Each structure stands twice: as C-alpha cells, then as structure tokens.
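What follows is chain A paired twice: with chain B in the first complex and chain C in the second.
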Partner chain A sequence: MRAYFSVFRMRLRMETQYRGAMIGGIVCQVFFGLILVALYRALYAGNPQPVPIEHVATYVWLQQSFFRMLTSTDPDLLDKIRNGNISYDLCRPVSMYWFYYVRAMAQKLMGSMMRGIPMLIFASLLPKGWGLEPPASPAGLVLALAALVPGFLCMCALANLTMGITMRTLDPRGISAMLDLLMISFSGNILPLTLFPDSWQRVLSLLPYAQLLDAPIRLYTGEYAPIEALRILSVQIVWAAILIGLGKGLWNANRRRLIVQGG
Partner chain B sequence: MMNTLKLYVKSMGMLIRSHMQYTSSFIMQMLAQLVMEGGEMMAVILVVDRFGSLKQWTGGNLFFFFGMMSVSFYTTEIFGRGITGNFPSMVRSGQLDTLLIRPRTIFFQVLCSGTDPRRITCIAVGVASLIMGSAMSGVVWSLPKALALAESILMSCMLILGLFLIEAIFSIHSVKSVELVNAITYGGRSACQYPIDVYPGPLKVLFTVVAPFALTMHVPAAYILGKPLYGWPAWTAFVTPLSGAAVLAVMIVLFNRGMRFYRSTGS
Partner chain C sequence: MSYIEVNGLKKTFTVRKKREKGKLFREKQTVEALKGVSFSVEKGELVGYIGPNGAGKSTTVKILSGILTPDGGEALVGGRVPWLERREYVKHIGVVFGQRSQLWWDVPIVDSFSLLKDIYRLSAADYESRLKELTEALQLEEFLRTPLRLLSLGQRMRAELCGSLLHRPELLFLDEPTIGLDAVSKLALRDFLKWENAEHGTTIMLTTHDMEDIAALCSRVMVLGHGQKLYDGTLPELLEKFDTVRTVSVKYDGALPDIKLPEGISFERGENELSITYAPSVFPTAKLLATLQEAGRISEMTLQPENIDRLIAAMYKEMDL
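After this line comes the complex of A and B, so read on.
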C-alpha cells in the first residue's frame, strides 16, 4: 500500500512541473469553451429547448475544465511498450496494474486540477447564460462531488484498459485511438449528452462513458434530482468494478504473453 | 519551376510508399481517422436533428459548411504535413540543418518532408457532407459556383497552411506557446465549421481579420448556397478568398526571416 502511495505522490509532483504548457492549455481550452457556448447560444436563439441554455453552458465549462481527466495518457508507459522496457516493470514487487492505475490517478487528478480550477473560476465570472451557473442545490453539489469519485475510478480504469490493448497491438493509433474517440463522443465532450436525441440518451446514460463526467454534471445542474442519486451512484460503482475487473484480467493475460520489443 | 514540382511529386510518392509499408497498421489508422471525422459529422447531424436550423441557415446549409471545412483542413494536412506536423520536431532534433545545405528553399523542402495520406478518409467524410448539404439545400450548380467552390477550397488550404506556419515560426525561436497557436488553427476549425455570422462580435473579428476563415470559406459558401453573407454582392465570393493566399505569402516571408535566427540544436 505504501509503495502505491509514493508512486502516486511522485507522479503528482511531476505533473506540477510543466507550468508553461499548462497556461497555454488553459487559454486554449477556455477559447474552445467560449466558441462552444457562443455556438449553442446561437442555436438556442429561435429554437428553445427543454434543457435551458444556462445548463448547457455549465455543462460545456465543466467538460472543458476536466478535459485532461478524460484524455491524458501515460507517455512513459507508451514508450515502455514500444521499446520493450516494460520488461523491467515485471520485476517490480508490486501489481503492475495497480502501479499504473495510481500513476494514472495522480496524472489525471493533478493535470485536471491545475487546469480545471482556474478555468472554473474564470467561467463563473462570465455573465449569466455564458458562464458556469452555481449548482442547483447544496445537495446537488455534494452528490455531484460524490459521483465524481466513482467517475474518476472509471476513467482511470478505462485508461488502463486502453493501455492493455496497446500492449497487444503495440501501436496506440489504431484500436486504442478509436476507443478514445468513442469516449470523447459518448462522454459528452463533443456535444453535451443532454442534447443527444432523447431515445439515444436512455442507452448512452447507461454506458460507462456517461459515468465519467456526464452523471456528476447532471447532478450538479439538477438534471438528475438528488433522490435519483443512489441509483446513479450504484450504476457508476458497478461500472467501475466491471472496468477494473476487465482491465486486470486483460493485464494478467498480457503478462503471460507479453510482447517485449527490442533486443 | 517544373523541376521543383517534379521534386515535390517525387518526394510525395516516396513518402506514401513508406507509409504503405505497414499495410494493416495503415488501414487501421485510416479507419481510426474515419471514425474520428465521422464522429465530428455525427455531432453536426445531431445538432441539426435537435435544433433544425441555426439562425437563417438550414440543416443542409450546415452540412455544406462542415464539408467545406473538413475538405480544406484535411487536404492541407495531407499535402502540408511537413509544416503542420513535422517542423517543430525537426528543429528540436537538429534535422533541419540538413535542409540548409540543399539548393532549394527551406519552406519547399519542409513541405516535401511529410505527408499524411491517412487523412484521405476524413476528406471522404467531408465530400459526403458537401454532397449531402448541397442536395438538401437544393443548390443549382453552375460554372461560376463550381469555380467559387474550387477557389474557396484552394484558398482555405493556403490560409490553413499559413496559420500552421505561425507555429513553425514560433518553434524556430523555441517559444513554447504551441498550444496558443493551436487555439487559432484548431479553434478556427471548430468555430468555422459553422457560418461566421452566428457568432458574437469579437469572434467574428478574429475569424475575419486575423484568421480570415470567413473570407476564404464562408463568403463563397454562402454565395453557392444562394444566401449571400451580409448581403454582399456575388463578386465578393471570388475576391475575398484571395486573402488566404495573402496570409500564406506574409507567413512565408516571416518564416524566411525567422530562419535567419535559426540556431542549430545538433552537435
């Protein structure tokens, strides 16, 4: 346990190093957020929708702020897979799966905190209908934060699952890239899930991708009432367990037939 | 000039052959690109499904604008990969030095150094969207309209290449603000796949004056769709796109100036 904790801490520190890239990233992400909100406002003009524009703007800002949580991958592990150094990891007296799981946790947590918090502050200063609205209710905020925890566990599990596939294909640009695209599309990053056709939403909200950020955001905006929280949280926890189970299974299978590159 | 063109075609041929060496990987990557651009298009389809229209633009119009952007953007990435992708790493690795001793301009050699044929599937999505958009909008094609489309795509490619050159210039001076430039190129792509007149003032100014996607793309597209942007006369659809060539020309001059400050990193 202590080993994993120190891996986590080391990775956290590393993530705080690249401050220049961080500022560029924030500006870029804020700009994208503004474009998206401007677009949705134009679409809403003359076509009112059941979901109010304030909720859509809030949705966009929360998605943009936690963008790094969704997409960041572990470049070191990718290198190790490609050059064969992954064999050294087999010698470590810790579970390889959990070793990289806590690394992903630290990377995603710190990366999105450092970018997300300034962005959320900025977004909450924007005028009404453009920026981040306060949560629907205090209970909504607490439940949204609670839902972020299993959502976050799902995200790290998905990252490891993709890595497990990359260990087999050795090339992160094929199947793994497609899985990432599925995630970006169905997690509500390209288009808020609340704007998908209603019949799709019933299915999509049960997929693992909706558990990451969509479920917490809907609790925050009040799209999901606090009474439903128990059901939503249990769906999330079940998915987290399934994804971790699948990932661990895949990594264990990979251990037995690991392709070590290089010579 | 002919000789230069022959060199370009030859290096493209070599690069494409090298991409084809790993056939299955290449096909997988092409499919991944298809899914990616298909996903982008799905977002537009879903937007049209939910909202029906965007101010005065119908769903079909929106598909047409989307198609213009993806065809232009990914054509640039196929032919200009040297600029859009490889250049910063060429500077970092010192590989750029080898280009300094050859009897062709740096810009041309960098252009010859890369291609990205995987993007062909993205262009296919764009073409499908253009056809769908034009059919749904009931566009009656004529020679001037076809010419406007061709000019618009060509000029938009030049504009996009010019914008990517900014990134290249930054990387010569080893300024680490690549992500800021991304805000203009990729942000421009995201924003301008929808017509410019739906955006508020500052964004309009940015994408008309600084990065004139509106001039190279939206003015001619609106003319083709028979809904002139801001009610401008038809001849503007042929004149304003030339701003793309102007941006590229300015950027090439700045790039050549920037190269004077190039210090090798190699040893």
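After this line comes the complex of A and C, so read on.
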C-alpha cells in the first residue's frame, strides 16, 4: 500500500508544477463552456426542449470543469512506453496495473481540481440560464459526490485500458483519437446525454461512458431523483469492476508478450 | 549449485518488414536474439558481458531481471525463476540501464529515492543509513535536493546507481553504465562498483562496450555474438588469443644505426627513431629487444600491446560477428 500511496503523492506534486497547462486548460474549457451554452440557448430559442435550459447550462459547466478527469492520459507514461523507461517499472516489486492506476488517479484528481474549482466559481457567477445552478437538493449533492467516486474509478480504469492498448501499438495517437471520440460523444461532454432522444438515452445511460460524469451530474441537477441513486451507483460500480478487470487482463497479457525495443 | 544458473536460454522476436510492392501482406521475420545461452555465476562474482550491438546482451539482462519471458530454456537466480516469480524476485535485484532513467525528471533526486524506499518497503533507519553510505561513496550529497533535469550525465548516472542499490540488492545488473560518461566519471563509477562488490559482496553482471570497464573491473568475461556464447574466461586469456601484433618504438643516441631485421617485420624509420610492428609468436619479444640493444645506445623505448578495442574488433571479425 505504501508504494501506491507514495507514488500517488509524488504524481500529485508533479501535477501542481504544470501551472501554464492549468491556465491554458481553464481558458480553453471556459471558452468551450460559453460557446456550448450559447449554442444550446440558441437551440432552445427556436425549439424548446423538455429539459430546462438552466439544467443544460449546469450540465455543460460541470462537464467542462471535470474535462481533465475525462480524457487525459498521462503524458509521462506514454513517454515511458515509447522510450522504454517502462523497463524500470517492470522490475519493481509492485503490481504494474495498480502502480499506474494510482498515477492516473493523482493526475486526474489534481489536474481537474486545479482547473475545475476556479471554473466552477466563475460559472456560478454567470447570470441564470447561462451559468452553474446550485444542486437540486442537499441529498442530490451528497449523492452526486458519492457517484463521482465510482465514476472516477471508471475514468482511471479507462485511462489504463488506453495505456494497455498503447503498449501494443507503441503509438498512442491513433487509438487515443478513436477512444477520445467515443468518450466525448457518449459521455455527454459535447452534447448533454439528457438532450439525446429517450430511446437513445436508455442505451447510452448503460454504457460505461455515462457512468463517468453524466450520472453524478444528473443526480446533482435532479434529473435522477435521489431514490434512483442506489440503482445508478450499482451500475457504476459494476462498470468500474468490469473496466478494471478488462484492464488487468490486458496488462497481464501484455506482460507475457512484452518486448522492450532498442537495446 | 551456482547463484545464477542459466541453461539454454532462447528468445526470438518477430520483426514486421515494410510491405513490398505487389504483395498483399507484410512479411514477418523472426530474429533469434538468444539461441540457447548457458552459463553460471557464483555469488560475489563481477562478470563482464560483452559482444557487438545486437548480440543479445540486453535481452539476457532483461530476461534475468524479470522483464521479459524467454521462449525456451531455464534460468534460476538465487533459487527463483525471474519471470515466473517477478514480484518476489525483483526485491533482491537492482538494475541500471545506462540509456534509461528511473528517477523522476522534475523533482529533487532525494524525493525519487524516498519513493523507492516506499516501493521496496525499507524501514526509515535502514533507508537513512544506506542512503548516507551511498551518497558518500558516490559523492551525491550536494545534489540530493537538485531536480534530476539539472544534473550532468555523470551526476545522473551516479544518482541512478544510488537508486538501484538503496534496497541492498544481492545482484546488480548494469546495462552499459558508462555510456557517454567522461573519464573522471567513468573512473569514479568503476571505483564505486569495486567498492560495492568488495564491501557488500554484491554480485555484479555488467554489459559494456568499453573494454576498459572490463579490464578494470571484471575477473571474468563472457563474449556473446549472434545470440550465442562464444567465450567464457578471463580477459587476459581472451586477449592472448587475439593479441597478435605489438609495436615497439626506439630512440637512439645520435644517428639511427643500421639494424638487420628478419623478413616479414615492418618498420618505419624516422630521424633517430624506429618504430617496429611485429608478432611475438613469429619473432619473440626478447630476441627483438636483444637485436635492438646490440645495434646502439638506446635513449628511449616504448612497447605497446595492440589497442584493446582493435583486438576486440579483430576478435569479433574472427568469430564472424
């Protein structure tokens, strides 16, 4: 445990050093947030939807604030795979999967805190219908935070799956682009899942991508009633277990066929 | 039974070639990196492992450090199979890859060390005393709080070595540790390795292209080529086999006397200096020296064995590598 905790702490600290990236990220995500809200307001002006616009704006801001949790893969780890420094991690008395998993946790957690907190403050200062609304109920907030935990575990597991695939292809770009596309489309990052047709939503809400941020956000906005929380959390936990299982399987298979190239 | 027992170790890699014109699929080519290598190493030995690039040296090290799984053969190190019991096994070994880094780039090196302390579950007291010992021996005290990226290559390699030895491994693999180092750093590194080996009885297996490393450190050398072991023994014996040519330079007081040398010995005449290249097997050194001395009053003389790198090159050529 000590090793995992220690590497977690180290990665947290490293993340705080990238202040330039933090400012760039905030500017970019605020810009995206404003554009998306403006876009949906324009859509509502012509063609109102059953979901209130305040919910959509809140949904957009929460998604943008936690964007860093969603898509980022650790550039250090990708470098390690490319340049072979991964050799060193392979001769440590730890589980490789969990060693990298906690690194992803630290990177995503610190990265999104550093960007998300200033952004959420900014978004809550915007006028009604443009910015972040308070949670639907205190219970909703508590349950949303609770749902963020399995959601976060799923996100880290997905990052490790990407990493596992990169170990095979050696180049992360192709596979990352593809997985990020799926992620952005089906996690509700661009188009809130609440705006998809009902029949689509029934399927989408069961996919792993809906467990990440969509489920916690809907508990926050009251889209999902607190009474549904148990079912939602169960689906999330099942997915977390599946994704971790798949990732571990892939990593173990990788270990057996591993080649470290270039001497 | 020896500490390291390797028996018929095999490893093949598949290389996909670029698709040729007119063919539907890319051709695959298998490269046999190791074709059945066997050796054994006793505890406390300092073994050099040499061979040209691509001979399979690093592959052997990677298999023995539990990173790669071989395709065939057996290996037992301290009673364990490296790739089967990886997590338990790696607690007892240390590895330094000369071309890679295990320390964190942006943080002070002491923080990387303290992460290693947690990874290997060292007690605080044990860690402190070992860190003190290593930083003294490697002269690292003044850099402990410096981020890795600000260190020179020589300082970095010393830091890497310190990181690999914190958990007091019984066995240390060094894969080209002196690559790119300046003379002072190389000498310091060699002194340190000798000290670590003598002080703690750490078994060391070293791959290198620097023959001075081998000459200075290793009592035993193994030559690997084309995935096979070609030689296993001492360095002097190895050199003797291929040490065919020597050069003598003599300076005489006054003019160069006329010297008669047997056929087949090449020499260059200078103003008052003579440089002779000869093979001791054909013309014994003692006889040559006597001839030279008879000819006149010698003021200065140097006798040089052939350059060690050239010898190795000749040896690789003879072994068809």
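The rule is simple: the second predicted complex is superposed on the first by the 262 of 263 C-alpha atoms of A that agree within 3 Å, B and C clash if a C-alpha of one lies under 4 Å from a C-alpha of the other, contacts with A are read in each partner's own complex, and residues count from 1 in each chain.
Keep this in mind: a residue touches a chain if its C-beta (ideal position, glycine included) is under 8 Å from a C-beta of that chain, and two chains touch if they have at least 3 such contacts.
Please read these numbers as outputs of a predicted model, since none were measured by experiment.
Asks: So, on chain A, is it clash or fit between chain B and chain C?
Replies: fit
Asks: Put down the vertex angle at chain A formed with chain B and chain C, C-alpha centres only, nearest 10°.
Replies: The angle comes out at 90 degrees.
Asks: Using the touch definition from the top, say if A:207 reaches chain B (first), chain C (second), both or neither.
Replies: In the superposition, A:207 touches no partner, neither chain B nor chain C.
Asks: With both complexes overlaid on chain A, does A:14 touch chain B (first), chain C (second), both or neither?
Replies: second
Asks: Touch check for A:142: first (chain B), second (chain C), both, or neither?
Replies: neither
Asks: Is A:38 in contact with chain B, with chain C, with both, or with neither (first, second, both, neither)?
Replies: first
Asks: Return first, second, both or neither, reflecting whether A:95 touches chain B, chain C, both chains, or no partner chain.
Replies: Second partner only, chain C.
Asks: Once the structures are superposed on A, label A:126 by its partner contacts, choosing first (chain B), second (chain C), both or neither.
Replies: Neither partner.
Asks: If you've got the overlay open, could you tell me the nearest Cα approach between chain B and chain C in whole angstrom?
Replies: Distance of closest C-alpha approach: 8 Å.
Asks: Once the two structures are superposed, pull the chain A residues common to the chain B and chain C interfaces.
Replies: On chain A, the chain B and chain C contacts do not overlap at all.
Asks: Where on chain B does chain A make contact in their complex?
Replies: Residues in contact with chain A: 25, 28-29, 31-32, 35-36, 39-40, 42-43, 46-47, 49-55, 176-180, 182-183, 187, 190-191, 194, 198-200, 203.
Asks: Show which residues of chain C lie in contact with chain A when the two form their complex.
Replies: 13, 53, 58, 62, 65-69, 86-88, 90-91, 93, 95, 97, 99-102, 104, 106-107, 111, 114-115, 118-121, 176
Asks: What residues of chain A sit close enough to touch chain C in their complex?
Replies: 2-3, 5-7, 10, 13-14, 17, 83-85, 87-88, 90-95, 255-256, 258-260, 263
Asks: Under the touch definition given earlier, write down the residues of chain A that touch chain B in their complex.
Replies: It comes out as residues 20-21, 24-25, 27-28, 31-32, 34-36, 38-39, 42-47, 49, 171, 173-175, 177-178, 181-182, 184-185, 190-191, 195-197.
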